[in-house]
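Below is one structure, written out as structure tokens; the observations come after it.
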Amino acid sequence: MTRELIEQIIGMMEKVRSKKPLIHHITNYVTVNDCANIVLAIGASPIMADDIDEVETITSISSALVINIGTLSRRTIESMIAAGKKANELGIPVVLDPVGAGASSLRNQTTERILSEVKVTVLRGNMSEIRFTAGLKADTKGVEVSEADQRIGAGEGSKVAQDVARRLGCVVAITGPTDIITDGDRTIYIENGTRHMSNVTGTGCMCSSLVGSFCGAMDDTSGGPLIAAASGVLVMGLSGELAYEASKHLGYGSFRTTIIDAVSKLDGETLAAKARIYEAGFGIS
Amino acid sequence: MTRELIEQIIGMMEKVRSKKPLIHHITNYVTVNDCANIVLAIGASPIMADDIDEVETITSISSALVINIGTLSRRTIESMIAAGKKANELGIPVVLDPVGAGASSLRNQTTERILSEVKVTVLRGNMSEIRFTAGLKADTKGVEVSEADQRIGAGEGSKVAQDVARRLGCVVAITGPTDIITDGDRTIYIENGTRHMSNVTGTGCMCSSLVGSFCGAMDDTSGGPLIAAASGVLVMGLSGELAYEASKHLGYGSFRTTIIDAVSKLDGETLAAKARIYEAGFGIS
Amino acid sequence: MTRELIEQIIGMMEKVRSKKPLIHHITNYVTVNDCANIVLAIGASPIMADDIDEVETITSISSALVINIGTLSRRTIESMIAAGKKANELGIPVVLDPVGAGASSLRNQTTERILSEVKVTVLRGNMSEIRFTAGLKADTKGVEVSEADQRIGAGEGSKVAQDVARRLGCVVAITGPTDIITDGDRTIYIENGTRHMSNVTGTGCMCSSLVGSFCGAMDDTSGGPLIAAASGVLVMGLSGELAYEASKHLGYGSFRTTIIDAVSKLDGETLAAKARIYEAGFGIS
């Protein structure tokens, strides 16, 4: 099963590189450059546009839409909704990254509003953010996962993810020590990555942008959003792991640089050799 | 002729480094940090300011204005117009980068509005963007040049550039496999650079910022905006080429870093040795 | 005395790393990514949020607030004031970086308004910016210190800083060839850093973010905002110095990266060995 997953993911990487899908982002200004560069590094093409006067047009020429609420404002919230609705109308996949959900009413209400007005294809966040969208009391510490939520194991975490996925009818990806990706039915676990990734800003955002890139390359043979989401999460974790090994003697500035390096150099052989991915009900790889 | 061009460009580099001109940017939030750093790397000084309540003042203390519509919004469009008019009033050169022209009505209308209300000194874009401003049917793929437009040769491309330059009375710089810089009369071609530059976000924006830096250092002996634009385009292409050689074994994260490195280390000797620049009607260097 | 200062600063570094304080930033979009990454590198946690609908909430869950007017706008000015007032109400320290004060009426008026409506804990800027807030005629060249102001020595500079500190009842930190940090009574000088730091955008902003990180870790045993400010300024200068040594053969792109590297790797032993810090009235270290 793991072997089949890995082959599907390698196939998705090839699709991204050959199709070069355009990925519309309405995202935050903190990590936007890294998001653009990681989208280019995996082989897709980013476009960032947030004005209400053009977001529908830009979404309509794109292959996927990534909505990231990291530095949301009254102005851009309306753009997120308009773009999301246009994407739904045209059957374009939507990735939502509810950055900091739980940290303020504005983030909470915006997350709820997007989820009620827009049909989201993949919801990606940390345990605190996804627990919040599940209506559970989530601790939060700004935009980072809380320590309590960080300690939630894969078992309890997967129940949270599955509940949200079933309720919203979407794929949910919780990234953390063990990443959990589920459509409410099938659940995939990934154990790549390193805890040091939380010491570089934007590794969560970049993961969502990779998920968007893979969603933009989906076709009839690609296994749907579950596999697209797992592809993004695996590429991010594995690249982070390789990048940390390459830069740990240097420091976190170099780590940031080598993450993009690793994504741009990642090949199927390395991915197959180093992926730690398994599906619930099947043995670990 | 090539030798004279190269000497003029080396002279421009010295002028930038000795004058350290202040370059006002109203630009996008995706690549703004790279634009600021490349302006510093060539020896000029960047200031980013986009609020309508200060853009005229900031332009008036600057030596050049760079308008980049990469993440335009209703708010900043008015600032671009106001700053552009102030620059015209004071005789300060204006560089326009019509990022994504052709991709949405908002970008199209904004480009047309700026070009009709502001006298632009240098218009720099890719073939799709400049073809759009020429009123030609341009393919577009978001903010990247379309594949069809990418295949347009230097001959046809230079006609497009010359037509736009004559109509607008400005210098037009189209960057691509062969860069074309023209004032409608003289046309300069540059063949430095590498296709890999399109795999790092902002190489177009950075090129426009370099053009702005050179425009800000113009004086009576510097050959005017044609030479300033050629200087920016040549420094960008050559630095990209050197940077790619230095980083290709590492990946695109390192490539981004080494582009700024290369600009900061570029000297006249290297430029003279590696520039592939020629003027229409003269032999290639 | 120097030894005691260094021990206090090393103690502050340990407090930041153990408490991991959340640092709310309302800052500019040019250097925001570097600010987030340097906050992570020193061991604190950044959150960037600027919408009026959430800034008070975000401040209230944070341990310090950093206000940076680098790309101020009508919209964010109101957010700065609201967040600052909330911080005052809750006893949360506020760091103000008046980027480009002196360059436009908007920056001047905003700086004055913040200083009159918000009780600032630490005011950090270059000599031109602080001279402006002192009501002195300051030269300015955009967001950089003017050449005339750069030549002002530590003696005259410390009088300016002390006057402002006494008038505003806050700590003032002027960074330059010799950094001056004063609460109007005690004055600390730091001679680390390199002039090359002005060739990378955001070294001033990053310094303010470090000061904010140390302010967020203050407690009864930490020596108050004077020591917190000195800690941020020393860590920035020393890291810049180490980073320049590590990258000078490469260029300014690598310099930017190695600044974050150096902060993330800085330990007490290196700090004690290389700090050039002394207090007025005591011998130099």
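Letters are used for the chains, namely A, B and C, taken in the order the chains are written, and counting of residues starts over at 1 for each.
Heads up, the rule we're going with is that a residue touches a chain if its C-beta (ideal position, glycine included) is under 8 Å from a C-beta of that chain, and two chains touch if they have at least 3 such contacts.
Since the model is a prediction, treat every value here as computed from it, not as a measurement.
**Student:** Please classify the inter-chain touch graph. Allowed labels: line, ring, star, complete, other.
**Tutor:** complete
**Student:** Are the interface residues of chain A and chain C largely the same numbers on each copy, more than half shared, or largely different?
**Tutor:** At the contact between chain A and chain C, which are copies of one sequence, the residues are largely different (under half shared).
**Student:** Would you kindly tell me how far, in whole Å, the mean C-alpha position of chain C lies from that of chain A?
**Tutor:** 34
**Student:** Could you check chain B for residues that touch two or more other chains and list them?
**Tutor:** As it turns out, chain B has residues touching two or more other chains at 29, 33, 256-257.
**Student:** Which positions of chain B touch chain A when the two form their complex?
**Tutor:** 28-31, 33-34, 70-74, 100, 103-107, 141-144, 198-202, 250-254, 256-257
**Student:** If we count contacts the way the header does, which residues on chain B are in touch with chain C in the complex?
**Tutor:** So the residues of chain B in touch with chain C come to 22, 29, 32-33, 36-37, 40-41, 45-54, 57-58, 61-62, 75, 256-265.
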